[in-house]
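Two complexes follow with subunit A in common, the first pairing it with subunit B and the second with subunit C.
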Partner chain A sequence: MKWNLLGVAALGLLPLSAVAQKSTAEGIAEYRAMLADGNPAELFEAKGEALWKQARGPKNASLAQCDLGKGPGVVKGAFVELPRYFADTGRVQDLESRLLTCMETLQGFSAEAIAKTPFGRDEQKTLESLVAFISGESRGMKFNLPQSHPQEKLMYAVGKQVFYQRGGPYDFSCASCHGEDNKRVRLQDLPNLTKNPGAGDGFGAWPAYRVSSGDLWGMQRRLNDCYRQQRFPFPGYASDVTIALGVFMGVNGKGGVSTAPALKR
Partner chain B sequence: MSDPMRIRAQAQGDKTTVRVLVSHEMESGQRKDATGKTVPAWFIQNISATHHGKVVMNAQWGPAVSKNPFLQFSFRGGKAGDKVAVSWVDNRGDKRTDEAVIS
Partner chain C sequence: MKKTYKQAGMLALSVLLAGCVTGPSPQDVAQATQKVMKSSFRDQGIAKTAWLQQDASNQACSQAQGAPLDEKLAQSIEQANLQTVKMPSDGKFIGDWREGEKIAQNGRGMTWSDPPGSANGGSCYNCHQISKEELSFGSIGPSLYHYGKLRGVADPAAAASKPIVDYTWRKLWNAKAYNACSGMPRFGHAGILNETQLRHVMALLLDPSSPVNR
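Our next item is the complex of A and B:
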């Protein structure tokens, strides 16, 4: 009886050791590859394209004249050059804050009200689809954020400062998790966002569809969750702090290929 | 109003592989909202595909199928240029049909 039990135990161990030979990262990559064929982000892209062209809001206008940095209405290639400085607002803006500007000036929505709306509701839902569509139009292109305007340089410096600034009950900074190679949260490999390839891979994968929640997350929501995990209050939707972090990551990821809207666990 | 499905169909030899991304909440009826009320179940009950008016796939789905589900199946007899239509009916009686051309 005892021998029998041992035999069973030994047999039970065999497949376990075979599994252990494949690293967790490989396992996750395999899982993503299986899902990549039917990335539901595509559904959001299609929805976003329709929303971009549809006349909406109090002014009943479409976003077709929205300037994302490459001229009014130009979507292709805009994503890989954001955040950037916009002369009309006098601010450096990322994709989401720029869309708020367009939705306010062209469509008559209140940017402030949308920024205060919880993620995944009302016009925030619209934004999810829009960022999926716009980022998808730059899929496969290389990140090339402009750094010629003094404001853009300033935002990079601010972003760097914020990235390394420790705070909150855990005394965490972004750099605690994303400042070195080969760090993990549980089983999830974390990209080193201070240099390539990590910065390009990490920054270039959002917006993304999260299988676990069935939502499409933009960069703002991603950052919001980073802050939550740091047990630190979110600086606010489309706030300058979050945009500065975007500049820091995006400039570090220069030359990296955009895969957004990607698929995440 | 439901959103369109994304359908891709590819013929290889006499076999046609169809990949469908369905846009649907697929609410299980097991979840509660912020106020503690049960979110009512809302899911696709039947999904089928037709080719030349003939049903080539028919499936009954339940609340265990994920949100925005992905479906892949293959059938015999499709040719490039033919149309494949996929339709679903959910438990609220909502329906949707989308078509794709086999490549």
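Our next item is the complex of A and C:
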């Protein structure tokens, strides 16, 4: 239903004689551009920066010594190189799973408990702001995920297979919607996530502020809702399937410019 | 979390054993993918982890990663899917196109946020152009505008229309009967739409008075 409403609203901005399909998409793009002037994601960025520096949790410590891959405390440029392999945990981690590690080791939170918390509540709310801040510090930088460690290579290959993995009552995979150029669901353009520019544009726009739901979604929540619509069971927060997909999309998007935290419908 | 780390550790070990110089072997990837799929998902509402189990069709099409299947394999998959098709129990193929339009518009059903037992939509407009009036349509599937008209169906009950009527029913019931890796859900086979709903969608596509054919 939302698609319809948005379509009708966008059409209202256009001359009646306009070719409906292309112009509607253009209308939506214009609407986004107008809103981007005051992207509410900025509020989350500011909040996230404060939370990063604030002493919190059972250990009453800040995240200032958190290693996001470029050394303890280095935030700038970290986002465009994630997911990557971390020697201390022995696994490939995306931004959100890495933040769980830091919140557990530095601040004393339970990573497991946060992973089980529904989106938008308690410490999940904290994560929304943190990912907005951290991604914002790499705005305008180009994606350059490392692929030198064998685990990073393996996770790319796993992510590729997961991307094409069909299942559920509808037989859908990620590729059903995101495997080809110039496809739409209703009027929504679908990025081809197997190569650029789609991979860089699509992967590089999340975290994003969602106008339709009025909150900030990290990549984990984005993927979670993709799987819901794919008619799959529920992917765990920061589960390996979501991280593998992050590696696949991020590596495919190499050289693409990060616009996160972006603004989405 | 602990369990995940342990599994990740085992994953790391298997990679080291496989050798660091070359990329992962197809066996490593298949094994790791299986492990990752198994450890990552849980049941939620009506959406069950059992849904991840693949039949021959989904397995082959996943492994192909978008590339065309070997011709023989594709044929055997199509044959197996064709055999699952149940023709309408009362021999009636055509329902009410108005109801069919509602089903085509409705994209709901079978997600973990849908209540159990609710009727599913067909999600048809998500991927197809159908009637000329609906401008909000997707482009993943081909346009179905003038579906019956283009195929010369003037009277769906006529003997001359039988082959296309039968084909359309089978296609809706199990799209993989004609294209092994079709992107279209198997609406009858997977229990997404029931016979009555399928008849209505048939009418939307084939009834000469449906807006699709006007």
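Things worth noting here:
What we mean here is this: the second predicted complex is superposed on the first by the 246 of 265 C-alpha atoms of A that agree within 3 Å, B and C clash if a C-alpha of one lies under 4 Å from a C-alpha of the other, contacts with A are read in each partner's own complex, and residues count from 1 in each chain.
Keep in mind that, in the parts below, contacts are C-beta pairs under 8 Å (C-beta built on N, C-alpha and C of every residue); 3 or more make two chains touch, one makes a residue touch a chain.
Note that the structure is predicted; figures quoted are calculated from it, not measured.
In the overlay built on the shared chain, the residue A:37 is in contact with subunit B alone; subunit C does not reach it. Of the two partners subunit B and subunit C, it is C that touches the larger number of subunit A residues.
Contacts of A:214 after superposition: subunit B is touched, whereas subunit C is not reached.
When the two complexes are overlaid on their common chain A, residue A:103 makes contact with neither subunit B nor subunit C. When the two structures are aligned on the shared chain, A:46 is found in touch with subunit B, with no touch to subunit C. Legend: residue contacts after superposition of the two complexes on their common chain; A:242 is shown touching subunit C, with no touch to subunit B. Judged by the touch definition given at the top, the superposed model places A:205 against neither subunit B nor subunit C. In the superposition on chain A, contact of A:127 is made with neither subunit B nor subunit C.
Subunit A makes touch with subunit C in their complex at residues 3-4, 7, 11, 20-21, 24, 89-91, 100, 104, 111-112, 115, 150-151, 153-154, 157-158, 160-173, 175-177, 179, 182-187, 190, 194, 228-229, 231-236, 239-242, 244. Contacts from subunit B toward subunit A in the complex involve residues 3-4, 6, 19, 21, 23, 66-68, 70, 72. On the side of subunit A, the complex with subunit B involves touching residues 35, 37-40, 42-43, 46-47, 209, 211, 214. Contacts from subunit C toward subunit A in the complex involve residues 1-2, 4-5, 7-9, 11-12, 15-16, 18, 20, 23-24, 28-30, 32-33, 36-37, 39-44, 47-49, 51-54, 57-58, 61-66, 110-113, 125-127, 135-140, 176, 183, 185-186, 190-192.
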